[in-house]
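We just call them A, B, C, D, E and F in the order they show up, numbering each chain from 1.
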Amino acid sequence: MRGLLVGRFQPFHLGHLSVVRRLRTQRPDESLLLGVGSAQASYTLDNPFTAAERQEMIVRALETERISGWTAVPIPDIHRHALWVAHVAELVPKFERVYTNNPLTRTLFERAGFEVEATPMFDRERFEGSSIRRLLREGSEGWRDGVPPAVAEYLVELKATERLRAIAPGS
Amino acid sequence: MRGLLVGRFQPFHLGHLSVVRRLRTQRPDESLLLGVGSAQASYTLDNPFTAAERQEMIVRALETERISGWTAVPIPDIHRHALWVAHVAELVPKFERVYTNNPLTRTLFERAGFEVEATPMFDRERFEGSSIRRLLREGSEGWRDGVPPAVAEYLVELKATERLRAIAPGS
Amino acid sequence: MRGLLVGRFQPFHLGHLSVVRRLRTQRPDESLLLGVGSAQASYTLDNPFTAAERQEMIVRALETERISGWTAVPIPDIHRHALWVAHVAELVPKFERVYTNNPLTRTLFERAGFEVEATPMFDRERFEGSSIRRLLREGSEGWRDGVPPAVAEYLVELKATERLRAIAPGS
Amino acid sequence: MRGLLVGRFQPFHLGHLSVVRRLRTQRPDESLLLGVGSAQASYTLDNPFTAAERQEMIVRALETERISGWTAVPIPDIHRHALWVAHVAELVPKFERVYTNNPLTRTLFERAGFEVEATPMFDRERFEGSSIRRLLREGSEGWRDGVPPAVAEYLVELKATERLRAIAPGS
Amino acid sequence: MRGLLVGRFQPFHLGHLSVVRRLRTQRPDESLLLGVGSAQASYTLDNPFTAAERQEMIVRALETERISGWTAVPIPDIHRHALWVAHVAELVPKFERVYTNNPLTRTLFERAGFEVEATPMFDRERFEGSSIRRLLREGSEGWRDGVPPAVAEYLVELKATERLRAIAPGS
Amino acid sequence: MRGLLVGRFQPFHLGHLSVVRRLRTQRPDESLLLGVGSAQASYTLDNPFTAAERQEMIVRALETERISGWTAVPIPDIHRHALWVAHVAELVPKFERVYTNNPLTRTLFERAGFEVEATPMFDRERFEGSSIRRLLREGSEGWRDGVPPAVAEYLVELKATERLRAIAPGS
């Protein structure tokens, strides 16, 4: 059995880590696919990091935490929502269960006959990609509280603050 | 350190398995990326199997052989050769070395500054995707000699012979 | 002679119905093409319904009203405005006249040498796709007043309110 | 109930006409969708005519024969076979049955859960698009025997022989 | 040696002209490539003019000013920022130096190993594409102050005010 | 007035040079656009050189010959023949006349209302891209006779023989 968790992981944060840890603990026999969505996108405000960089974050965070039994797979956008599930199912190894809290993702997978489960909840306010990207861009140190230490270190290597300011210099 | 081996794996055969085994043995500290090329293609004579199915073959074959330390990543075509290396480098986790016997792949990666090594040789005549696809289509049992047992079993599940005949019914 | 009326029909509403009825009455010898624009789009706030669903709405509404002499044709976006008219003209059967109240559509067709007519006016405030989509999403029953009964019934079948809320859960 | 017949109709010939007539006669309550495949292609040896022109052929041929109860819908290629059925199902009005003699088309639709029927047979040797295109290009009058008179007249209007020679001037 | 200046030139204004003149004067031995970005776009608020029209503006303005030693090259978007520099470098003749004041453009070119220089400054408030497009749309004559006379004349030929109002009729 | 000569220039050879020279001599008041077709393609047997490299060849050859009054413009393929002329006309500066000996190119431009002229003839057997590419691949020195000296020098810089062999190692 395989389960699929789709995210954009911009960046991979503590909320993601917490979900992955619980799924691996609660379902030790199910291998977990981490679908890296919008894989073609990078250097934009919503998608500052490349798929390569996002997979690097996942590898570093999960190896540090000694979590195994997962595989990350880049999934480029197809820009046609009604075909998106067929696109995903063709691109990643076969999966039987989907984890998501996104209502549209749920709708599209259920329409295609997949079993969908909500992901275990985490403190959404603090661990949300958009807030972390905003903090990174402002250069406030607060962003470090939102990501695993291995990701924080990598974001410094990537000069993430500089990158986000180059993308959105205004204000 | 990571190494990248790009192939289409149509299907994943004993030649591929032999290369992966040697690379994992000779370079135990280097993790191996298996780039599944032409990932968008399927149900054609040259690319009968989907990226999902090809990853399934790899998982089954390598788990049976208890080979670890690798990750398979689907790589769709970009249809612009001069951008292909940049496309790959953006899509898969960072790698430092490339393994290939294909002269064009070598040329493109060297032009982009990557270190390229020839893959350990195997009996190319018997273990070649095109021959195996031809045998599969003819329904001759000979194809079984070219693939790992776990892949053979999976190809039967997929009704590979029927599929190849539907793709190319002629003669 | 053929006339072309391009719309997105998200959904097909009473304004559209009124225009089609008048054109069929005033020009009984001209067959009418209903170009279903942005045909590739669905499951977004502006384009919640697939091209298949939008054609179904048109068929049901016009058959109920016993209006004949029309054909619906899906037209995917080409994302290059200067080529859009050539794209349409290549995709749908030959037409001599274009009906539109959209200034850009008018500009593009006139630039390509087509005769363009304004569509007969209808009460735009009540019969506008965006208002109907908003009402649908709010779950207010008011949306029923904007669409033909056959479309209303179909939107219930499609669980349109649920779909729009899944697309845009906020607020 | 709706049935779908997919073809490229390059050009619409007597074999197509014969299939459409029988389906309309045998299943008078089922409306028939004529999916005009490879709709984006034109001015190539295999696809000399635009989707607009191919729909014109169908309209002229079927109106001459007073056959009703059908709709032609252009279907552009998606260049990903594993997504093709989902692409078609999203683009054309809902259908329950598929008519085809093409083994790959059958395989792809059956895999997606559709009911597939072989089309009534016709004299394939004489009524085949590729033979008619070859005769057209050679300027031999034999091509007239393969198409309905209304299509023959239209092909003359289109200067089909000149077009095919411009596409493939060689030999 | 060649230098590359990338812009969208919507329209080509006095700021652009001033930069080109200074670069041609200060670096007489370096030929200058004017990369016309977003070349596929037109008839939108941000990109009202086609690549053909934008090149026409450049030709007329620079010939009037008797500035030589430059070449304009259209560059369509690639919609993948991480590949954009490779895309540009493959499409335009080889260049060694890049001129830009845009922080993201600078970041992407530096990341790819190019030498990047800020362009000589000009009065940005008056000579900015977005302001000129706004003035054009309002029909206020002020836009004439922002563009070279040859461009002003051409914009009148193109009926630029009418076009911008057709694109954005509101308010 | 502008004239357009479209070619792929793989590579730019003496036949091309001869045509350009005559057009510049016979029509000194007409500026000449050299449309570099299939601009997105490279590293294939039919299109070994990038658009950047092909423009470089043109610049070197024509500057050596002191031929002025031309501009090279890359034109990517659009993969839809019926839209190709509209695509070209949107991408390159306005032109009134087209030079071509290709029957399909002639047909497409005439259909769009352009004036088309045959290019002055040259010894096609010796000066043809495909023959030169074959000779280059074989490593026979004969290819030097087909291209201007400046292009020959550049092809050596590019290691063209090695590249063609990497693309097509067989036989």
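Everything that follows uses one rule, which is that contacts are C-beta pairs under 8 Å (C-beta built on N, C-alpha and C of every residue); 3 or more make two chains touch, one makes a residue touch a chain.
Keep in mind that this is a model prediction, so the values were computed, not measured.
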Chains in simultaneous contact with chain C and chain D: A, F
B-E against A-C, pair bridged by the larger set of C-beta contacts: A-C
Turn needed to bring chain E onto chain F - CA fit, degrees, nearest 5: 180
Same-site or different-site touching of chain C by its copy chain F, using the half cut: same
Averaged-CA centre spacing for the pair chain F and chain B, given as whole angstrom: 37
Length of the line joining the C-alpha centres of chain A and chain B, rounded to whole Å: 27
Multi-chain contact sites of chain F, meaning residues that touch two or more partners: 42, 50, 80, 82, 90
Touching chain combinations (by label order): A-B, A-C, A-D, A-E, B-D, B-E, B-F, C-D, C-E, C-F, D-F, E-F
Parts of chain F lying in touch with chain B, wherever the complex brings them together: 40-44, 50, 162-163, 165-167, 169
Chain E residues within the chain B interface of the complex: 80, 82-83, 86-87, 90
Chain B-touching residues of chain A, taken from the complex the two chains share: 39, 42, 50-52, 55-56, 59, 71-74, 76, 89-94
Chain C - residues contacting chain E, complex: 79-82, 103-104, 106-108
